[in-house]
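What follows is a short report on a single structure.
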């Protein structure tokens, strides 16, 4: 039985794990870097161990240091959160060797999930559709052409050594394929001296839809519904919601069945997420399994009523999942906005520094998981996620309007945030209509609309700004002129 | 259609109403007294009107002043919250006369609910059981004896001019009744010069169980389940929960049917609460209807998924209730603790003053409705309710442990609070077993247990306290001795 | 004074019109009168109710002709005519008969942001000698007369108290 | 020093045992050593990690032999031997050869809570002359010698700076 958990993480997810442990009467051990000595996860754990310098490699990724803290604290288990060591099968192996319960899948299963080629093979064997394409590398242009004709144009030619738009080409015919094959090969050789090409069906206007699932050590497997995470920037999720506006009960069940097969195919245990691309024609294609708790798990908690961290601990304890697939009912609608410290207008560049003042939204159907408190600091050493703002409603409209109000109430002084962007998105007709795709922001010119929204907001606040400026200069004048002017004595600090 | 609501209240309930209005796109008008110019309800409303001095009679109870604010702000409706003018039928009449929508029952129905004798008559006519006893005053001791024998001993003899334990006697036989009748008459005459006596069945170990209900202007009536509010002090509710541990599905439906009849019997519209005493033998007796939103409405919101303020506004707009009785399903368990500014050990005397620092609990299944913020003040002019801490869980145990953690996380500096008391209650075996009654605190010697718990808590924290004292005195010494001692330069403010 | 809202086309003429006492003021903006009640105020920000609506403003910074603030949740920069420099200038004797005076004194306490003159420089009345920062605002200190800088008594990044001598000008 | 926890039977002997540098200390409590790292501190409170466990303490008040604080969420009052008075006493010359000195000076800045002597009073070395409050603590100031009060330089509710003369004693 798990009685003392070391949380090998920081920020809001460490707090999230500690909270459930507290309700279960489980002791917690935090670890912290030099940068985090004043962080909430240090304050809220039963114990806290300093593990090194600010740079992740010297602290939160330092397996030896973390193991040392596990052993000296007497923790019997490790919760890795997400990021850092959460999908590192070496670390899972290290825990297994030291008889420490790793709250997650086995190292073996994690390794299989992490190897995209092997994982894809396992999925094909389990009849879980993946994006159509060559099973591996193609031999030459003719081989590529053969596959392209099997799966149908348009297809994507991808060098496995490419990335960031380089070594990639979309082609729509045999003729285009031939010239495309040459240029991708050329680009790849020019860049890294070698070339190796994959062919994949090119999908337009795709949605990112993923399924939460759980599997226990007794072989019971359930899916806990889908989450649509199509609103992204640079392949990073920004807004997630459940249910997806285009998943009906029948589809939910059909794809859910695939997800359960996928979990079995990789010998998974504990909580995981199966990610799919959903093509505009309605087909679902498996992409990968995230072998850990996801950032966006709270929306699933809202609609399922489950505490997913508790479920993780129960499964890690060897207990069977305490419900059947048919017991799960979806209740209402939930949305999550990832409140990032970033400047939307500087291509989402991180914005860091001290946060002298914060007000955190609350109210019916509002949950905010955050490490922020007045006087804290947003560190440049770690990721930009400051808070997860999650709302629930009986209807989608209720969850959406509650989110808009909560975004309005969220005050974070000192850093740029993604809050204004989310207001623009949530107010857009396309979002309201559920017309989502992974290129949503670009497709609908959201950044330009945001600029307009901010301008309008400024105009609305301009009288108050002018009044504040007038008062400020009067106050300043009174100080300069050294009048002990009684009119400023009223209600001043 | 309601487009602009004046909220004739303050504190957490004003904020609660404003929040729902915001999600519905309805404008809000706050009113405030001299004492409240710096309160959150002033800051969060679309507009705010100053209405007078701190004393309630000069502001929040000042009907003329509030009407003036309604008219000059152009509000089309008034939400009265609870307390203050919420059950004042004169004020409801004043609104009706001025064509202002009063969000609550009609003045006429409110008047009927407020008159206990008339209301009891209406209930008897509708076959809603009330506490057995004389229909009105008894003529003499013989009349009292006759009724006592009908309803069975023990009975209570109550002078309508009594109160606070005076002019009240519990008797168990004809002989005791005769002497008791004389002494109650004597006490009453001695105290106020006259006597008028009621006979009522004496019920021991009663529970306070109430039902939320709603009725629209089209005659649709639903109950929204029960709330058990047995944990009280001086007849004031402290902790509420739903479902009640002793209400099963059959009872829920049976009493729910009575509640719907009760609502019809008084011609009720909008949201109301029917309060019952539940005797230890399982009988339910109607006490009264609270013709307003209740303090404890959030627990019903948690298990029903409804926004009750939205429902109030919909009904006030003349819309039919958008669901049927059979659509309502109870989901999970909710508990509310009323976080009062009071000193448990001084017989719950109010504790007021500035609150320099606050941390408000949050997390999955936690909701906190509060007017507190760092730097606010708890005013002696108004009631002691600072916050309502509400938790939800899939099981009772989950809601209870989440509440305990949230109580632990709640930090309110500067005033005494009821938080320690609630920890003792929620940890007691009797509370866990659902063995509740309105005399719970006295029956189980909770105050003595609290003293023990606080002592144990002090012992647990004593090493930290001693360490803090050592550091403090070292720091002080270093200042007195005027050493610019570098050891204090580290991480000091 | 004239206030232009950056990133918009809005521009306003505004000034304090009346002091009603008890923290209540009337501010005239484009000749409309707006009643304002101060709820709390310090050098970092102000909370007030204007036209029955609450606002919370934090001052982020001010240079000679720009002022940045967060109004409720919105960042706003105002472009303005630097009236304040003139006040400081007048108070330092620049407005009247300060010619005989040797010392140019600071009218406010603050940090020295920059020094624009060195001993020996010839300056005219109204030339900027240094820029001070105080209460998140930058204010130029101008010479109170024509003359030659004899000494500069301040250094960049240093602080000055009210009344400190900034320079001696002969 | 001896610390008794009010409302309990617990009592401890504790003192600073070691300064490890970088905000880390060892405190000895009943001869057990506890390692402590200060996270934040000012005159109102302290946050620290002791034996790997975080604590937040707010100082509420202190009289000569009582100290009240909130530890995490728990109100605790410690009864203690007033060691601080002695330090102040020693520093004011009471401990050594201060007999020749006329002025009794304050060793700390603070508010005058009470004055226990009037001019003309005969006092003995160690008699309390006044009580000051500083940093939420009350400290008695004792006469540094036997003698007669010549003048009292302070008034109740007034404030004194460090080094201010409290009384002249002949």
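A, B, C and D label the chains in the order they appear, each numbered from 1.
One rule holds for everything that comes next: a contact is a pair of C-beta atoms (placed from the backbone, for glycine too) under 8 Å apart; a residue touches a chain by one contact, two chains touch by 3 or more.
Here the structure is a predicted model, which means the values were calculated and not measured.
Listed here as common contacts of chain A and chain D: B. Distance from the centre of chain B peaks at C, each centre being the average of the chain's Cα atoms.
Across the two candidate interfaces, B-C and A-C, the one carrying more C-beta contacts is A-C.
Rounded to whole angstrom units, the spacing between the C-alpha centres of chain B and chain C is 53. Separating the centre of chain A from that of chain C, both taken as means of CA atoms, is a distance of 46 Å.
With centres taken as mean Cα positions, chain B sits 40 Å from chain A. In whole angstrom, the spacing between the mean C-alpha positions of chain C and chain D is 45. With touch defined as above, residues shared between interfaces to two or more other chains in chain D number as follows: 39-40, 53.
Counting only residues that touch two or more partner chains, chain B has 408. Note for the complex: chain C touches chain B at residues 37, 39-40, 47, 49, 52-54, 56.
By the touch rule above, chain D contacts chain B in their complex via residues 1, 3, 5-8, 10, 12, 14-16, 19, 21-23, 25, 27, 29, 34, 36, 38-42, 46, 48, 50, 53, 55, 57-59, 67, 69-74, 76, 78, 80, 83-84, 87-88, 91, 107-108, 135, 137, 162. Per the touch definition, chain A reaches chain D in the complex via residues 37-38, 42-49, 73.
Residue ranges of chain B in contact with chain A, taken from their complex: 16, 19-20, 22-25, 298, 301, 305-307, 331-332, 359-360, 362-369, 373-374, 394, 398, 401-402, 404-405, 408. Against chain D, the residues of chain B that register as touching in their complex are 357, 408, 410-411, 413, 419, 454-455, 457-477, 479-482, 487-488, 490-493.
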